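In the two complexes that follow, subunit A is the common piece, with subunit B as its partner first and subunit C second.
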Partner chain A sequence: MSADLVLQTEIVGKRNEHLYFALRNRKVVIGSSIVLALLLLGVVGPFFLSSTPNEYVGPKSAAPSGDYWFGTTYFGQDVFAQFVHGLRSSYLVGALGGAIAFVIGLSVGFTAGYRGGLVDEFLNMITNVVLVLPALAVLIVISSYLEVRGVVSQAVIIGLFSWPWVAKAVRSQTFTLRNRDYVDLARLTGKRAPQIIVREVMPNMASYLLMAIILLFGGAILFAAMLDFIGLGPTNAVSLGTMMQQSMAWSALHLGLWWWFVPPGLAITAIVGSLYITNVGLDEVFNPKLREM
Partner chain B sequence: MGRYFRRKLLIYGVTFVIAVSINFAVPRLMPGDPVARMLSRNKVANPESSEAMRAYFDNVFGFDVPLWQQYLNYWAALFKGDLGVSVYAFPASVSSVIAGALPYTLALLLPAILLSWIVGNSLGAMAARNKWLDNGVLPVGYVFTAVPYMWLAILLAWVAGVILGWFPVAGGYSFALTPTFSWVFIVDLVHHWFLPFLSLFIVALGGWAIGMRNLVIYELESDYANYLQALGAPRRLVRRYAFRNAMLPQITGLAVALGMVVGGALVTEVVFAYPGLGSLLLSAINNQDFFLLQGILLFIVIGVLVFNFLADVVYVLVDPRTRLGLEGGQS
Partner chain C sequence: MLELEHVWKSYRIGALGSKRLTAVRDVSFQIAPGEVLSVVGESGSGKTTIGKMVLQLASVTRGTIRLDGADVTARGHRERKAYYRRVQGVFQDPFSSYNPIFKADRVLETVRESYFPRTGRGEWNEKVENSLQAVRLDPGSVLGKYPHQLSGGQLQRMLIARALLLDIEVLVADEIISMLDASTRIDVLNLLGELKERGLGVLFITHDLSLANYISERVVIMRHGAVVETGATGTVFGDPRHPYSRNLLASVPQLHRKWSDDPATPQELEPDGDRSVDPPPLTRVGEQHWVAAHP
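Showing the complex of A and B:
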């Protein structure tokens, strides 16, 4: 088995080594398949279902059946249709909010870590301030003043307040990397700072950055769900959070309409939990010490 | 030590100023006219009274003076403890409305944060040295951290409240009782408090357990642990050293996680209609009561800053390096 493994890794070569171990890591495979399956449902599903998930189509408060897979709401809306549309907006918020936070965190972290000195002092101060600021409370105040809220605007304000820990981590990693010999050498050849950061520093923390993206993605989904639940969700779309908010507002709890509030929360838990588990698996892939093979 | 505290206090000071400035700027810079929205919400059709109300609100917000003066006035009012008058609970002042809700939120938050931290850390430390326990703690911990606060709260309310009927699912105490200092009332209070507390506790638990497990494993692999083992020190001793070192990041983490837990407490309260800041926040949003909304934000920010500072003090007590002015705890 082990001789076979060595032979195979030699054939696939260094470049594909990570992919090789990733595809054989149970955590990565299971975690990412759940995330991708739900993503597929969210992307493809709406094409087969009605485009207006809030329409009153069926009997009121019907339990799950062949016609309505997840039952219907108190008003006779199809819960499955809402669920599929909600998945789509959850992924959109996660991707967009996570991407914005990632870009800000990366720029701040690289600049602070690479430049050092006063620039670092200033950026580090901002990072610490945003880190201490209770993000949800600030998000609530800002969103409550927005009259028309969309999925995109929600993602933007979430992204603007969830970057600090990435910046901190990137900064400290850049600190340790910036004085390495090969970075000095690159500097001697007259390359400019952004080029050095992208070509010399970034590849050395690529694995770390990939995991940061995953965590930011999951964090943005959780944040959005909380905002939606307080009633500050998108005004023109369905999301998993607004489904839970609606079910609570129309006392699904006391009427026993469990199919209304269980699927959205379960989906969020499944997405975010699978992301975390994928992350643990990736850690094992990138760090050979942790591999259990 | 002096440098450490000066640095921390500076950060908290700047954070406070920024939070107040956000509070000041948001209603003035956001698209749309909050005063017009308040008026249309109150359905003031009569042009005369509409005009009077607009003048009143312009005056209350202080819109009739230049922007820089508005900003200074805002600070001045803040230091006098004047947060404005609540629209939703008119004519009570915002400060008094918040003061009424604050004890409930604190009673939920403090035990949930501290107990989950203590239990989570012990669980994590145990999991780090027990393969069998580890296989249970790790997946369960990840599921707990991934659960949205309000969904766990809804599930608990549904199972333990509605189906089993063990606990009440709404309110801070029974409506039949009046708040008095009697056993009946206190038992009722605890009865209502338990489910919201439990759901906050559970969600926070997983993160601490996983964090502690990873840190202890990391410490046990470090040079000093190997050295001690090579010297033939008992495993108990090595683990105790590892545990003490692993505690430090967890104390810093306590401060960082606080903002998230406060947010969790807000939505949990909404689920259970628990009369704390979260429910108040919801009423403020539903009634477009912007003064109350901003007052709550301010209280949350102050609370988070105070607890951060407390965590810093604990850190100095626990980590001798910060006391001696060496590295460590430099954040």
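Showing the complex of A and C:
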């Protein structure tokens, strides 16, 4: 690192410094580019394609061609149309499930860490209960109980079960931060607890929270794909997981219809893997000791 | 006039608040306008807890704290906010008092946000400049800087300036110079002296007897959460009656004495006992001088 770079970052301040290093970190750039590219495809793609990707539109079991980029299924459905819609569902599940888990985890963690005492012990108990619940088993029971399953209900269920580790991490960080004198000083300025949490405590864990969002997002996508794959996916929509499940159900592997299951499988791997790589990169950005100089 | 009357504090500790630790036991004192009262004692004797109770950052377990005769403990947010217009605090660690990711002058800006939302920008800047000058800080060299770009002395002064923005009557100063280097200590200390001249009451918390002696009219010496000796500073330090006070005084290193001369042997003291019972009562041993019963 050259001397003038140090000087430059000194002036622009910490936040810009982080952005500066984030944009120069290969892991962050590559990881987030892949995630964003697939997101773009999932958001924009469906506008140019059929809105009913399950329709039987083409020849059966056709290999990829100019007409059907990813070929067709055993029944003659357009795999590319399904793929693009599936991307959209997967991102939706990730965003919604991750957001729900994030909000619950943050609220529980901040309340427990800031209030302490009995409130903390009570919330800690709830967190531990949800943490040790065999989430998969509960999800299977709930999912099979719901007759019509949609992407949203799946996301809600996933969100309700994946917050505990966030709550625990936020709680312990809040616990140390709330004992800083500047928190007392904010109280001496007549600030209320929620304001103090948002304005004094939260900014100090911003990097941490960003990474938690990314992990929750990826975790929700993976969890949803797993549920889909064991046949508990949305009944009224296509997702990457249901594509895999359908292809396996109709022996695509034996019939050599690789174009049916490879794109969704690769996409899930790419999204989750890229999120993970982004996170490792961000860790380097926020934690200068890990930075490659 | 700030008065503490038989104030107790016990913290809940352990799982589900099962145990209690009594940090302050039956402490009473007053601070008049224009007076510095020192609270002295070893670490863990409950000094900070007293300051926190006065600042309502910790609840009072028993007893009352009054400001100009009105009970100030356990009230709603609005009353508390109004109370902070009149009573403010500065803490020990200047670097912990500032949020490291924001500029240092944010502590002044939040005061405007809470208490002077309708004051115009120009008028406010003038007010800030005046209060910075009152603590002898050059506005140009401290405004717009991050905490790590300022010295501990500058940061502590800025916190005093922050308090001055509010026309306070009482300032709680909890070991505010113990982390500063010697050259800036005396300046900040003298600053407290000036505030006193302006009619402020100061609760000066310290473990350093010489500082207490230098700045305050009256002193409270604490041990294990209770007062062991109190009175006019000159009287107490000139003729300490409690063995703990004597040990404290004997332990102050003196400029003209060397360690090799005569290592003073401290007197044996009572160990810490049951803190939930009333502490030994204070008896008057002279004009402006009270001491706790001791064997």
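Simple rule for what comes next: the second predicted complex is superposed on the first by the 281 of 293 C-alpha atoms of A that agree within 3 Å, B and C clash if a C-alpha of one lies under 4 Å from a C-alpha of the other, contacts with A are read in each partner's own complex, and residues count from 1 in each chain.
The definition used in the following text is that a contact is a pair of C-beta atoms (placed from the backbone, for glycine too) under 8 Å apart; a residue touches a chain by one contact, two chains touch by 3 or more.
On a predicted model such as this, the values are computed, not experimentally measured, just so you know.
In the superposition on chain A, no contact is made by A:259 with either subunit B or subunit C.
Legend: residue contacts after superposition of the two complexes on their common chain; A:226 is shown touching subunit B, with no touch to subunit C.
When the two complexes are superposed, the chain touching more residues of subunit A, out of subunit B and subunit C, is B.
Contact with neither subunit B nor subunit C is seen for A:114 once the two complexes are overlaid on the shared chain.
Once the two complexes are laid over each other on the shared chain, residue contacts for A:188 go to subunit C alone; subunit B is not touched. Legend: residue contacts after superposition of the two complexes on their common chain; A:68 is shown touching neither subunit B nor subunit C.
With both structures placed on the common chain, the touch criterion links A:129 to subunit B but leaves subunit C unconnected. Of the two partner chains placed by the overlay, only subunit C lies in contact with A:180; subunit B stays clear of it.
Of the two partner chains placed around the shared chain by superposition, subunit B is the only one that A:272 touches, whereas subunit C remains out of contact. Using the contact criterion defined above for the overlaid structures, shared-chain residue A:140 touches subunit B, although it does not reach subunit C. The residues of subunit A shared by its contacts with subunit B and with subunit C come to none at all. Taken in their complex, subunit B has these residues touching subunit A: 10-12, 14-15, 18-19, 22-23, 26-27, 30-32, 34, 37, 138-139, 142-143, 145-152, 154-155, 157-158, 161-162, 169, 255-256, 258-260, 262-264, 266-267, 270-271, 281-282, 285-286, 290, 293-294, 296-297, 300-301, 304-305, 308, 331.
Across the complex, subunit A meets subunit B through its residues 125, 128-129, 131-138, 140-142, 144-147, 165, 218, 222, 225-226, 229-232, 241, 244, 247-248, 253-254, 256, 258, 261-262, 264-266, 268-269, 271-273, 275-277, 280.
Across the complex, subunit A is touched by residues 12, 15-17, 52, 55, 57, 77, 80-81, 84, 88-89, 91-93, 96-102, 107, 110-111, 113-115, 146, 159 of subunit C. Remark: subunit A residues 13-14, 117-118, 121, 180-182, 184-192, 200, 203-204 touch subunit C in the complex.
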